[in-house]
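Next, two complexes with chain A in common: one pairs it with chain B, the other with chain C.
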Partner chain A sequence: MSLTLEQVHRVAHLARIEISDAEAASTLGHLNEIFALIEEMQAVDTLGIEPMAHAQDLAQRLRADRVTESDQLAQRAAFQAIAPETEAGLYLVPKVIE
Partner chain B sequence: MIEHSLQAIALSLKSKEISSVELTQLYLDRITRYNPQLNAYLTVDPASSLGQAHAADERLAKGEGGPLTGIPIAHKDIFCARGWLTTCGSKMLSNFVSPYDAAVISRFHAAGAVVLGKTNMDEFAMGSSNETSFFGPVHNPWDTTRVPGGSSGGSAAAVAARLAPAATGTDTGGSIRQPAALCNLTGMKPTYGVISRYGMIAFASSLDQAGPLGRSAADCALLLNSMAGFDERDSTSLNRPAEDYGRELNAAAGAKPLAGLRIGLPEEFFGEGCAPEVMHLVEAAVDEYRQLGAETVAIRLPSMGLSVAAYYVIAPAEASSNLARFDGVRYGYRAPDYHDLTDMYCKSRAQGFGSEVKRRILIGTYVLSHGYYDAYYLQAQRIRRLIANDFAAAFRLCDVIIGPTSPSTAFKLGEKASDPVQMYLSDIYTIAVNLAGLPGISLPCGFAGGLPAGLQLIGDYFTEARLLNVAHRYQLATAWHLQRPEAFD
Partner chain C sequence: MKQWEVVIGIETHAQLSTEAKIFSGSSTAFGAIPNLQANAVDIALPGVLPVLNRGAVECAIRFGLAVGAEIAPRSVFARKNYFYPDLPKGYQISQYEHPVVLGGKLVIQVGDTDQTVHLTRAHLEEDAGKSLHEGAGQHFQGRSGIDLNRAGTPLLEIVTEPDMRSSAEAVAYARALHALVRWIGICDGNMQEGSFRCDANVSVRPIGQPHFGTRREIKNLNSFRFMQQAIDYEVQWQIATLEDGGSIEQATVLFDPVTGETRAMRSKEDAHDYRYFPDPDLLPLAIDRQWVEQIRAQMPELPGAKRDRLMVDYGLSLYDAEVLTSSLELAGFYEAAVAIAGRSNAKACANWVMVDLAARLNKEEREIGDSPVSAEQLGGLIARIADGTISTNMARKVFDTLWNGEGGSADDIIASQGLQQITDHASLERLIDELLATNATMVAEFRAGKEKAFNALVGQAMKATRGKANPQQVNELLRRKLA
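Moving on to the complex of A and B:
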């Protein structure tokens, strides 16, 4: 199978990556080469084979739902110090609701 | 001193032959001198490193030191280290000073090791040549017109040029073993779950595993002893009793130290696809193992040929999900101009990520999208199971599997940079190990045209100690791993 230019634009939008027409065209070529490699898989009969999501078949560990961080205000300040834009402990983004 | 093993360095520190401050300064001076040719380090912070070295000297003076106390170690820039720029090789994180330490960093701090610097890498660990780094390619110390391998290429180049006694790396599809092979080092990817991924920037979470890059198996054992251990902050960390990974190295042995060891030689590793000069060296290494007492058995891994295809579905799928967090809101790069929230996301990600990272996000988004999930993602996971089953069957016939690490020696910078598929195929011998979650190690096995080649050993789950010993016995009998690039004396 091959992707179309329209599909590249659609996937880029789903991935929230702006892509120009020129970039989409060159990306399309590379993606189709990669998908040609991936297509090898389709010839393999995997009927009845259980998909393997993970190297160790373990159950996810659970933990108590409680706060474990100490000094939360200092932690928040340290993490917000590296944010592009904050105000009064909040992360700022462009207005979403008019 | 720069040729000392980690054990010998520790003895020199304990006997006050050298202090940690002096040792750290020695390496900082070498970095100043040689790094401009190699671009192996992205960040050095002499004040911070020397401060840690001073603290280590105080510990040593009180007789409190352990095997790594006072030893400077370079860390791949994928590990968050508090107060250090942690870029993951990306413009997206070019301004990210980590507010916390990765588990691996914390464990080295507890051991008294010194952070010598942060090393260059392929962007978000996506690459096999270190050419996808936003901060420029790393040059191979054996030939600076060639790649060091990737994605842990900066760590490999640093250790190979003796700009660090040892380094950390991460391996999602071969990113420790392949650069080890191309730079004449020993590098290990442990069993998935042995080392905590906490604070290690995620690429493909079901495959990513940290590990050591050193000059010998004995050095790697010491590093692994510090790196491994249960961590409740990583949901895939395995809660197993602590072990000494070097416990087999000092056992007395005669002329046949590996008598009784069954080495599996997979047909798929010894067929077409490997450069003849590399294959010749691998076959000579197999002969050396026979001299050491091991017996060899022919085995098959019939689904291995599908590993690259399955990997390039699974790894991008997981990456597309993991890298969704980079949105310009809480940390990292935000585009300067945008007109609304969606536009801010799209522009920040378009400008912050390089082309290989974008390509993999797009592949991952596509294979997980409606209508394609079963045909790609689930099929890849079924093939992953077939590959793991192949290894399980093989380990009923043998104890260790041997083959090449990489199908060629180091290639020229730029040679494969514009051809993603050719680049992906350079990991053909390493990827299956990550898919199955097994431990693997690469060790030097000789030179072709002045360039090093790597031998790969693969073991069953949790056989790191045995793999390290099998590598160590070869290193006692050979001197390949002691060779170093002449230009960096």
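Moving on to the complex of A and C:
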């Protein structure tokens, strides 16, 4: 399997990464090398081996259902001090309309 | 003309009733000032890591047990990637290939028949924040305001198979699911606050066609009435389009309650390319048998089982049993009242709860949970009607007194206000003799054939006893004396 230039542009767009034609071409080369590596790995016989969802064969720890936050007004002020724009406690962003 | 079949599947987002968010220690309480309940994890500051809330997992297990589903011993969280300002990380943590709940089914009532809706899956995910737009007193200089209080609130997304064939079935399913999630205590079901939101996937096909038609998804139906209207409109629109020789494009549509129409959202051709992949920040979720069994042991009797038991144990009709098991609180109230009034008065208890109490609660827009008359008080009252201490009419007065908080128990009120029925035959007879002596005109009228005069005499007797006489007994005595 190998990617097309068009697919590289599409993935870049989905990830909101601006990419020039030259970058797209070199990225295509890199990605195709990775695909070649994956193809090589897929030649390994994995019959009967349970696929893993994570590189570490562990299960996650859980937290108790308890609110741990306090002094939220001060916390919000600290967060909003570094935000580009806020108003009435809201973060302002370029207009989004469905 | 072709006959069409409607095919509907429903996805529901139920907000789970946890104290804290699914991956952070922020509160999930509704109605806080903007961004007060949005901590570093919720607003996705660099370097933070999610830690899964055990309470959210328990809700998912409870749900799975309630619908007879498989609880996955291992499930996986995945990233669903898309860009929107109310999704600070640029992805939503959800479950994709390996959800926590697999299969299951819900029995719904459509008319008089039971039907089964099969579930595909239920998975845990986080909610997004809210985007606020200008208008209604908000001025953001042409920008949108973002409130991340809701970001990270735990959701259980419950997905059905395309098993429903009409808007009525879809609504019956949504109602049954709504009742169930509240019954098992995993979701408050508040649709105004968005705690329970449904999307309906709707398609039509000519009857007999084996494959499904192209579906359109109606998003964010937040009332049962809107669901019915939206599906009816959508079905009629799809049939009209196909009959005119058109075709249906797969799309996401919104329902406008003002016009009663559905319309396609601006086409977002990239929207469905979410590039899911397992979230490297979260190891698989392991649920062992022991944990599941522990939760199973704490589950309440489920609505269907309770309904059947009420019919068997108390001889209630299907209708009565259905109504009384519409919520866990109502069913609990009813059974507590029966426990006091006695099993032989189970039917009377059902009537009082479903008629008198329900009407009063309705009128004052109260829920059963804050009824001023407790189940014990009502049961005590019904017991006194059953043993003849008071008449049903008197009982209504006692009920009012209890409702107004002016008495501890029916017995106290009956004693302090002297409301016991006069069942003592001799004293009632004396009273009626006096009555006949002082109302000679009425007696004469009755003897002349005026039935009205008889009713007037009964009225006089009831008045003289301040309603405490047993009307039937008065009737019989009068008839005998006047014969």
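Going forward, the second predicted complex is superposed on the first by the 84 of 98 C-alpha atoms of A that agree within 3 Å, B and C clash if a C-alpha of one lies under 4 Å from a C-alpha of the other, contacts with A are read in each partner's own complex, and residues count from 1 in each chain.
FYI, a contact is a pair of C-beta atoms (placed from the backbone, for glycine too) under 8 Å apart; a residue touches a chain by one contact, two chains touch by 3 or more.
Keep in mind the model is a prediction, meaning the values are calculated, not measured.
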Exercise. Touch check for A:73: first (chain B), second (chain C), both, or neither?
Worked result: second
Exercise. Should A:94 be classified as contacting the first partner (chain B), the second (chain C), both, or neither?
Worked result: both
Problem set entry | Which of chain B and chain C A:2 touches, first, second, both or neither | neither
For this session: Kindly classify A:60 by the partners it touches after superposition: chain B alone (first), chain C alone (second), both, or neither?
Result: both
For this session: Examine A:18 and indicate which partner it touches, taking first as chain B and second as chain C; both and neither are also allowed.
Result: first
For this session: Give one of first, second, both or neither to describe whether A:85 is in contact with chain B, with chain C, with both, or with none.
Result: both
For this session: Could you say whether A:40 touches chain B, chain C, both of them, or neither, answering first, second, both or neither?
Result: first
Seminar exercise, completed: In chain A, both chain B and chain C touch residues 11, 13-16, 53-56, 58, 60-61, 63, 75, 79, 85, 91, 93-96
Problem set entry | Residues of chain B touching chain A in the complex | 95-97, 99, 191-193, 206-207, 232, 235-236, 238, 303, 305-306, 308-310, 312-313, 320, 324, 327-332, 334, 338-347, 349-350, 353, 358-359, 361-363, 365-366, 369, 375-376, 378-386, 388, 420-421, 424, 435-438
Exercise. Chain B touches which residues of chain A in the complex?
Worked result: 3, 7-8, 11-19, 27, 30-31, 33-42, 44, 46, 49-56, 58, 60-61, 63, 75, 78-79, 81-85, 91, 93-96
Exercise. In the complex formed with chain A, which residues of chain C make contact?
Worked result: 18-20, 25-27, 33-40, 43, 45, 51-57, 74, 76, 81, 83-85, 98, 131-133, 138, 140-148, 254, 265-266, 270, 273, 275, 278, 280, 282-286
Exercise. Mind pulling up the chain A residues that touch chain C in the complex?
Worked result: 11, 13-16, 53-56, 58-69, 72-73, 75-76, 79-80, 85, 87-98
